[in-house]
Amino acid sequence: MATPTTQPSDPASDAGSLSAGIAGASGYAGRELARLLAGHPQLSLQTAQARSEGFDALSPQTLARCDVAFLCLPHGASRPFGEAIASAGTVVVDLGSDFRLDPDWAYGLTELFRQDVLDSRQIANPGCYATAATLALAPLAEAGLLDAPVAIDGKSGISGAGREPTEFTHVSEIEGGVQPYKPTGHRHIAEIERSLARLAGEAVPVTFTPHYAPHSRGLEVTCYARLRRPLAQDEAEALYRARYDAEPFVSVEERVHPGRLHGANSCHVGIWIDERTQTAICAAAIDNLVKGAAGQAIQNANLVLGLDEAAGLTAHGLGA
Amino acid sequence: MATPTTQPSDPASDAGSLSAGIAGASGYAGRELARLLAGHPQLSLQTAQARSEGFDALSPQTLARCDVAFLCLPHGASRPFGEAIASAGTVVVDLGSDFRLDPDWAYGLTELFRQDVLDSRQIANPGCYATAATLALAPLAEAGLLDAPVAIDGKSGISGAGREPTEFTHVSEIEGGVQPYKPTGHRHIAEIERSLARLAGEAVPVTFTPHYAPHSRGLEVTCYARLRRPLAQDEAEALYRARYDAEPFVSVEERVHPGRLHGANSCHVGIWIDERTQTAICAAAIDNLVKGAAGQAIQNANLVLGLDEAAGLTAHGLGA
Amino acid sequence: MATPTTQPSDPASDAGSLSAGIAGASGYAGRELARLLAGHPQLSLQTAQARSEGFDALSPQTLARCDVAFLCLPHGASRPFGEAIASAGTVVVDLGSDFRLDPDWAYGLTELFRQDVLDSRQIANPGCYATAATLALAPLAEAGLLDAPVAIDGKSGISGAGREPTEFTHVSEIEGGVQPYKPTGHRHIAEIERSLARLAGEAVPVTFTPHYAPHSRGLEVTCYARLRRPLAQDEAEALYRARYDAEPFVSVEERVHPGRLHGANSCHVGIWIDERTQTAICAAAIDNLVKGAAGQAIQNANLVLGLDEAAGLTAHGLGA
Amino acid sequence: MATPTTQPSDPASDAGSLSAGIAGASGYAGRELARLLAGHPQLSLQTAQARSEGFDALSPQTLARCDVAFLCLPHGASRPFGEAIASAGTVVVDLGSDFRLDPDWAYGLTELFRQDVLDSRQIANPGCYATAATLALAPLAEAGLLDAPVAIDGKSGISGAGREPTEFTHVSEIEGGVQPYKPTGHRHIAEIERSLARLAGEAVPVTFTPHYAPHSRGLEVTCYARLRRPLAQDEAEALYRARYDAEPFVSVEERVHPGRLHGANSCHVGIWIDERTQTAICAAAIDNLVKGAAGQAIQNANLVLGLDEAAGLTAHGLGA
């Protein structure tokens, strides 16, 4: 990560009058938050907390004095932090999984549940796979077209495995192919099913198999859903465009490739109908650390704090 | 490619008393055939033909004088070559798609249709995706368990796109993620459906979406199939092990990763039952240039020529 | 590349009152300029010209009506464009090599020749390798410590080879290792030698061998220079820090890795003294498309137009 | 790694009448030895020892009963093993660094010190970087042309860092560029200098900076040496070809790319003269796990045991 002190200060950020804090700033999601906040015109990073050297000590009290606290803590560690900060009245966005199924927290898949976010001060940020899969399937779910179960095939870069080195982050174990892991029972399934049920008005069971792919950033899902009634390709595209045309961060594309989105808070969605089998194939690509984590967290914080939803999130993907 | 003349000759290959020829030796499949034949104890490469400099001129007559001719020619170009050589009585293995649906040619997915290969002298070698997908699904198809349509999600390295440089072979267009291409209507679908129908005794329509992944060699498919009747994980594994235990080149594995198979003629297969949705998730990994092309071609040639099926194909995958 | 129309407009950019044009907007450098200009607070892209569909037609007249014209044209094609636009009085930054050795154009290696840039309206932007190598060697050259010839070993990602697909952009020809190409006589040598001679006050011949490395963005050089007089590690570091401490875009680092700088206009420099052989080893890493091309072009344009040198260039590198 | 039991047995290997043992069989070098021995016509693996489950327990006594013992143990751990086995009279090849500077052990850089290997029963296998750098520089050293110090720039894939996961094996820390590490003082320097001094008949100090490159297998070095007397390109090439023409595993090539050598025991060497600066640029590429470790170990064992030097090592590199 570029050393912050060697970077020129952005004149636009002097206007920043709201303060943000991060708990768990040393991991990939926390670092990404710091990177994005450095370019945010209204939010400035007050305290970056982690157990590692070079960071502030972890302190819910200090976080509660910020305008917004972002939590990037390991599974299970967020709950006490989140509750303490929320009870102080401070806006909290938790990037972990502790509150995602908690009815007292808004589930921050912004494009689908924006009003929930606006009505809350404690936001559970969705999982990266859940963000992509739910955005890919939402128009079909809302139209009642899904004949469940739906099969979801996910492929993620290795930054999604976190910063701790393991066998499955080793270049030599990852190179040379895409490999399934945890083929059944992944933690994101419950999130996806809850969202789809809400959109469809009925249960929509899913099968989800994630894969490790040989790159660092970026995540793609391809979903296979039998259709309840016939749907032509142009109808399907019209449905998707109608759903997402007003959304600044989601677009319908013919080419759905995470490599075009590095650093951007965007989601590219594709929809294709296999008329032979009446199967809808829908795909979504994101940068797992941005729209799948830190970017969506800021998008949610912007909404709750009354800022422009896109503030600090306008960077285009790096492409090549 | 290592310059053949700088390589030590393998004493074991002196025994080679049968001759082989390649038409289309300059592409990736042709080069791989040459590499494998250099280590084959009974087959020796007599003529390597291509339009490029450094190769023999293309000549069906010369190929017809070999014991076996391997054709690695572009789509549409194999038919006249194949017919001329076959009519001369020479064993032909065509690695292209021209004869794959032709009833006069044996379809060389060896493990599933071995007797057809033994009974023929003209073999259509399967497509790389078809090899992996059909081996992954075969035990379920034979047991009548597939509730079609089946969804097949394929991920291939870029060597599968061939040697001609295009936008989709460019490092900068491929890096940073996995991307779907040709989401419906891929040419291998007909092969897969024909094989599954034969194994199942009924039509088994499939949806198949291939993806480009950021590596060179290696191919993986993950298939999602609803089950006709309940199946427990251990029953499924037992079914797969029973089907493949006697096969030297197919094994049932917990980890299915093409990166372990570079250079090997092996196929790793995995089977997992999602009991919540009664969906079978089955996967297969191969080296697309070996078991998906040149290796399987030699495997078929070995059978037809009366050699040990594994001759010249015993190399282990490179792993790390 | 993210489709510009699907991106939210940055409120900060409304202030943009100066106009920019790009000739050659379809290549990687041109696309990168468009990406960076989309986030620039004072410069807005008026015309993006290229021969491809979806772009404006190439027109020096239209470019001359902008406040600044950026040229990203093939070798040899810039000269007529550049001369026509410059003679109309418009600020021009040429990202090609046509003007780099032309005494009527300022050589825009900003940190080393800033006054030249400020004094000119026609800027030749340095080559990517020349940027990194000259920044790595400059403090030693200025201190008269280099005992030439100096050996420069460069490693670039494949985006540096341009967008046109060739054998050397093919994933399968690039993966699996780092390979030298054009080991002698690379075009950037003349640039590097001219700059070092100016800094050192004497001729400093260099040997330069570039390498293709298996990634897309990013470039690193490691230089090996015998020392004229003994230099301890701490003296060397002090020399480098003194030279670059006031520079917003160059920092002295222990770890010099282009992977930390994707998307940033930064250069990381390292200096190590091998006391056994009295050799200085100095290295520099950049994003070849940003500090090595589009970012430095904007940095130069900012200076000439009287803007903050860092305007639009404050993004941190993506890191992981 | 392909599960050995699922692999067909190679009929050629039935002839294997000599037994081999491996201590440290779970790491990358040990695994590679097992892979290569599986295809060796005369050597068969008797005991594969490691601390991990699924391996035999470490036992110098068992190893001493083999015809040859290969040691792939951590730095410092080889010495007691090696001494015990050697004192029992068994041929030992140590792949670690413990004995490389020990005068009682032959230094197994086969092409340069073949007679030493033939005269010994205890062989210290060279380091991977030392193998490549010394083969690249040897013809110039032998001809007395090197004006030291020589600069050596090395780039290795991550398999060279070993199997233990660390920060520097993590995909997200390695991707996106080539980075220097340990710029001075690398352990292989002493090996390289000792070999060059022996070849040149005088001290040849070197500077050596290794780099991590974003791939798994493969290693390349580019060396920069001032010349004692003028040398034309064709003279240099003639010198290299004369030196290596009789060597089965070393060839002089225009393109020196480790990606062409995966799985092969080959070394590709290139030589280019920069006549402007009278600098010789010489490069070498190897598979670090084969010619840089397990392959060269078998090459040495073959020599000592009186077998064909190339036995079991005839596989061509995978190329694409």
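For clarity, chains are labelled A, B, C and D in written order, and residue numbers in each chain start from 1.
One rule holds in what follows: contacts are C-beta pairs under 8 Å (C-beta built on N, C-alpha and C of every residue); 3 or more make two chains touch, one makes a residue touch a chain.
These figures come from a predicted structure and were not determined experimentally.
Undergrad: Please name the chain that ends up farthest from chain B once chain centres are defined by their CA atoms averaged.
TA: Checked the centroid distances; the maximum from chain B is C.
Undergrad: Can you check which chain pair, B-C or B-D, has more C-beta pairs in contact?
TA: Between B-D and B-C, contacts are more numerous in B-D.
Undergrad: Centroid of chain A to centroid of chain B, CA atoms only: how many Å?
TA: So the centre of chain A lies 38 Å away from the centre of chain B.
Undergrad: Taking the mean of the CA coordinates per chain, how far is chain B from chain D in Å?
TA: Using C-alpha averages as centres, the distance is 33 Å.
Undergrad: What's the distance between the Cα centroids of chain B and chain C, rounded to whole Å?
TA: So the centroids are 46 Å from each other.
Undergrad: Residues of chain B that touch two or more other chains: which are they?
TA: Residues 28, 157, 159, 163, 172, 174-176, 214-217, 260-262, 320 of chain B each touch two or more of the other chains.
Undergrad: Can you name the residues of chain C that touch chain A in the complex?
TA: So the residues of chain C touching chain A come out as 1-4, 6-12, 28, 31-32, 35, 38-39, 41, 159, 163, 216-217, 248-249, 251, 253, 260-264, 266, 289, 308-311, 313-320.
Undergrad: Okay, in this complex, where on chain A does chain D touch?
TA: Answer in residue numbers: 28, 157-159, 163, 165-167, 169-172, 174-176, 214-217.
Undergrad: Applying the document's contact rule, which stretches of chain A touch chain B when the two form their complex?
TA: Answer in residue numbers: 148-149, 151, 153, 155, 157, 172-180, 183-185, 205-207, 209, 211, 213-220, 222, 224, 226, 255-262, 270, 272-277, 279, 281, 283, 285, 320.
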